[in-house]
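Structure incoming, see below.
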Amino acid sequence: MTANAEAPGTEPKISARNVQVYYGDTHAIKDVSVDIEDKTVTAFIGPSGCGKSTFLRCINRMNDTIDVARVEGDIRIDGEDIYDRRVDPVQLRAKVGMVFQKPNPFPKSIYDNVAYGPRIHGLARNKAELDDIVERALRRGAIWDEVKDRLSAPGTGLSGGQQQRLCIARAVATEPEVLLMDEPCSALDPIATAQVEELIDELRQNYSVVIVTHSMQQAARVSQKTAFFHLGHLVEYGETDRIFTAPEDPRTESYITGRIG
Amino acid sequence: MIELLSAANAGVLTLLILALAALAYVLARHRALRAVDGDVRRLHSLPSYYGYAAAMLTAVPALLVLAVWLIVQPWLVQMQVAQTIPAADGARAVETLPALLSDAGIALGGTLEPAIVEAAQQHARLRALGHAGRSLVVLVLAIAGLVAALRMTDPTFRARNTVESGVRALLILAASLAILTTVGIVLSMLFESINFFRAHPWQDFFFGDSWSPNFRGDSDLSILPLLWGTLYISFIALAVAVPIGLYAAIYLSEYANNRVRSIAKPLLEILAGIPTIVYGLFALLTVGPFLVSVFGRGEDGLLGVDWMNGATSVLTAGLVMGIMLIPFVSSLSDDIINAVPQSLRDGSYGLGATHSETIRQVVLPAALPGIVGAILLAASRAIGETMIVVLGAGAIARISANPFEAMTTITTRIVSQLTGDTDFASPETLVAFALGLTLFVLTLALNVLALYIVRRYREQYE
Amino acid sequence: MTDVPNPAAPIADPRGASSLLTQDARTTRRNRAEGRFRLYGILAIGVGLLMLLVLLVTIISRGTGAFQQTYLTLPVELLEAKLDKKGNRDIEDIKKVSTFGYSPLMNAALEAKVAQAGIETELEPKAMAALLSKDAAATLRDFVLENPELIGTTVEFEFLVNSRVDGYLKGRVTRESIANDKSINAAQLDLVDALVAEGSLAKRFNPEFITGSDASDQRPEAAGMGVAMIGSLFMMLVVLALALPIGVAASIYLEEFAPKNLFTDIIEVNISNLAAVPSIVFGILGLAVFINYMHLPSSAPLVGGLVLTLMTLPTIIISTRASLKSVPPSIRDAALGVGASKMQSVFHHVLPLAAPGILTGTIIGLAQALGETAPLLLIGMVGFIASNPPDGIASGLMDPNSAMPAQIYEWAKRADPAFYERAWGGIIILLVFLVTMNAIAVLLRRRFERRW
């Protein structure tokens, strides 16, 4: 099943063709092809276990860290095959940032959490530059005002929503081009969720954001494009408005009307 | 009769009590069944519970009294006899009294003072009397228990509940043995340590600078040179075991695939299962001579230096102890590294960190408290280790920074002071208890601290 | 940070517009650091495994010699005139002849052998006899006492030779190394060579090392582990009989019944601390409480067993609690649900299900106790010669004996290198026991491992 980019002429940021993922003997992703555009929020929706998170983790090769996972097919970012032998996943992940389901700040200070990425990638020549990067990232993470007076406090001491925004700030500090978010709001309360969603909308100006969510409302609120996954297949992909108002595939319709899920 | 009673030793008494208990079981079970004409349904509990209850009532009080008697009687007898002995000999001589008399009660060796012989004979008399009383009391108690149990046995008697609360009490008793052991350790060493400090100035023990026991009675018995040797050897051991053990744990938990892990981990743990006597021999006969051939023998040696003269040295013992501790450090660290949540690693990989950057900058800092706890436990092991230092470290007490010299440790001196043929009451022997107490306190402090840190660490990620 | 940076402005990226397909210098550097770090890990494991290998090779290469001993085969004429002057074969009369009465027979047989084989030697008869073990005459006497009917005949008898000759055949003693050795000289070694060539002097398997008893300083060739093994066996029986029931009882209480209060907390802290108390401290406890206070006999396996019980209890309690904990609560609920009491649910259901785990933990605890030496030193299980096997259970528990690790220590302390070989050999025997016990534990675990 192929879903075409809807705006021919613009080069897609990420382009996947015939992607298969196996966990040991389990065929988790079955022949998925999709084009994801730059400066767009793309939502992956579907019932749990449908493979949406697995597919997301292929885009920055996080599946490499799982021994039994095997990825086949072709994923290109800016036309470069990220599963090429010459590609170092470390460099790739600097370009494709990721935010996880559960906020996972390191047991370090807020400052060190954000500075971690720039430090390992050598983005700052001196302390002043690093300070600058950290501040900018925290501002982009919409958390600067809350933490500017306690940058040396441990990141684990923040509230859940703050922790998740810190993790987003941490991810943008390495200046990625793509931001992957794996159910970033599932561990948050509604108020924190609203803040993060607002942030996602702002991030769209600079990045291509791919967000996995189990909430159709969230997908409708934040995304421009939506992909519906079911049992490892990409069932339908298109403009979010169209998916939610006029789905073409009966399975999509069943899901968004709440009959499967 | 009294002779017969006093001849029955604790073992015979125990057997008698158990026989009575067996009898009680049979009788009570039978009685319960007869009371309901064999209709088990009318009994409160299953018939065997009536038997168990009776057996318990027969045996448990009697055995408890026997146990208490075994512990208290020697003490009482000693108190009694000690008063009759001339003050100069002190209470301690009492312990040697039984050895002075032959079985027939006649003094062995003619040079004994009459007062001592008198005391020894009184000691023997009191003991015999005590034994007789013990047998009588215990047996009467057992029979009384049997009779009482039989009288209680009727269909409404809640036999199961009685048995269960009895069993529960036994379980509590078993669990309390841990406390009893600790108390026993502390008391046994405390009393003898007090005796030691009565005979020897404590200032010398804690702050003196030399250890040279002799038989003239003016020994220098300071713990400092021993402590220095102990700490120096432990330091070398940790310097070997911590890096190797930690890196091994990191590799096994973070890099190795399942096959490598399933082979290398058990192999490394074999090192932990090898008895310390084997390491001791390895130090004395293999590592020591090897080190001498490298660092000693002048021109004939591998390095052409003459730094090391004998096989026993701080370095010998330290290296071998380090080898012994490798699996200890690695398996503790392995557990601790595995407790670091995967989400932290994912977070780091997601930012483009390499595996080693993730380990060094995220996993290890997160695991640090646990690893510190593991190192403290290893240090406590090293400080308390005996056989490797007895065979590998030497016997010379000195404070020196030269790792090629033989030095001695607290544990080595405990062994040598308590295994010689010295007078048990002399400070040269008693010092072993003060050393033991110091060792116990030292390792206890390390253990408590380490366990506290590790527990806090685990709670953090649960 | 005076001027507020514009959050929308892209962060300066020194990587430039890089392609993923080319590694920048920094990534290359980082990957090299990664490789180094990994290498350290492999090295650490390599060092650990190398040490294990060195240790095992040392033990085997130095210890296997102890299982072989050099024997001299001689036809000995058991002269009636010397051994049974009255000629009535009364065993009591034969017993009156001490080992000194047997030495001449043995020495004569050796001289005859040398003469018959045509070996030329300037050695005095006494110097020739010195090749034989000091134990040889006693062995011959024991043989005759068992077979009095052979008196008057000539029997082929294998005599132990002394440890230097044995060492010469095993390569431990060389012609260079005996320069300062008063016990043996070059002429004697010439005779040894001749006897080897002649075929009467040879090494063979020595079962006495496994079954025999320790021997005095002068007779390393006759020393064996057998009696110490029996000592260890009795200690292990004591440990098993006490530590298993007490340990299981304590664990059941703590895991199933104990309320959360100060008392249980104290017990818990005590158990985890006792598990880490140095073993020598338990030795001091044993000496002070069991021997000095309760007047139990020192050097007795009973006392050793008691001390090792106290030492092993924490290990057994910890592993027993783990196996009790692994029985799912649903089993307990099911038993309680059909009206069993709490006690019945534990003893009828939980305990049997946890039994394999408990057994495994107990075997591992026993193995640990079997190899423990330090506390045994303090209760006097070294420093004497455990020469006679006990004759009965009471004697086995109460009579002075040694234990395997204590025997090894005892040999390691003696000056004669021949005893070192014995010590390594003893380690092999000890390790065989430990490996067997651990293998049983592993098998049990594999066989009964249950996934709930």
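The letters A, B and C name the chains in turn, as written, and every chain counts its residues from 1.
In this section, a contact is a pair of C-beta atoms (placed from the backbone, for glycine too) under 8 Å apart; a residue touches a chain by one contact, two chains touch by 3 or more.
Please read these numbers as outputs of a predicted model, since none were measured by experiment.
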Of A-C and B-C, pair with higher C-beta contact tally: B-C
Chain of greatest Cα-centre distance to chain C: A
Rounded Å distance between chain A and chain B, as computed from the means of their C-alpha atoms: 57
Centre distance in Å when chain B and chain C are each reduced to the mean of their C-alpha atoms: 20
Chain A and chain C: spacing of chain centres that average the CA atoms, whole Å: 61
Residues of chain B touching at least two other chains: 354, 357
Multi-chain contact sites of chain A, meaning residues that touch two or more partners: 90-92, 94-95, 120-121
Per-residue multi-chain contacts in chain C, two or more chains: 30-31
Touching residues (chain side chain A, partner chain B) in the complex: 60, 62, 65, 67, 90-95, 97-100, 102, 104-108, 116-117, 120-121, 167, 170-171, 174, 180
Complex interface listing, chain C residues touching chain B: 30-31, 33-34, 37-38, 40-45, 47-49, 51-52, 54-55, 58-59, 62, 245-247, 249-250, 252-254, 257-258, 264, 266-267, 269-274, 276-282, 284-285, 287-289, 292-295, 310, 313-314, 317, 341-343, 367-368, 370-374, 377-378, 380, 382-383, 405, 408-409, 412, 420, 423-424, 427, 430-431, 434, 438
Residue ranges of chain B in contact with chain C within the complex: 70-71, 74, 95, 98, 160, 164, 167-168, 170-179, 181-182, 184-185, 188-189, 191-192, 243-248, 250-252, 254-255, 264, 267-268, 270-271, 273-278, 280-282, 284-286, 323, 326-327, 330, 354-357, 359-360, 377, 380-381, 383-387, 390-391, 411, 414-415, 418-419, 424, 432-433, 436, 439-440, 443-444, 447-448, 451
Chain C residues touching chain A - in the complex, by the definition given at the top: 1, 5-15, 18-24, 26-27, 30-31
Chain A contact footprint on chain B (complex, rising order): 257-258, 341, 343-354, 357, 361-362, 365-366
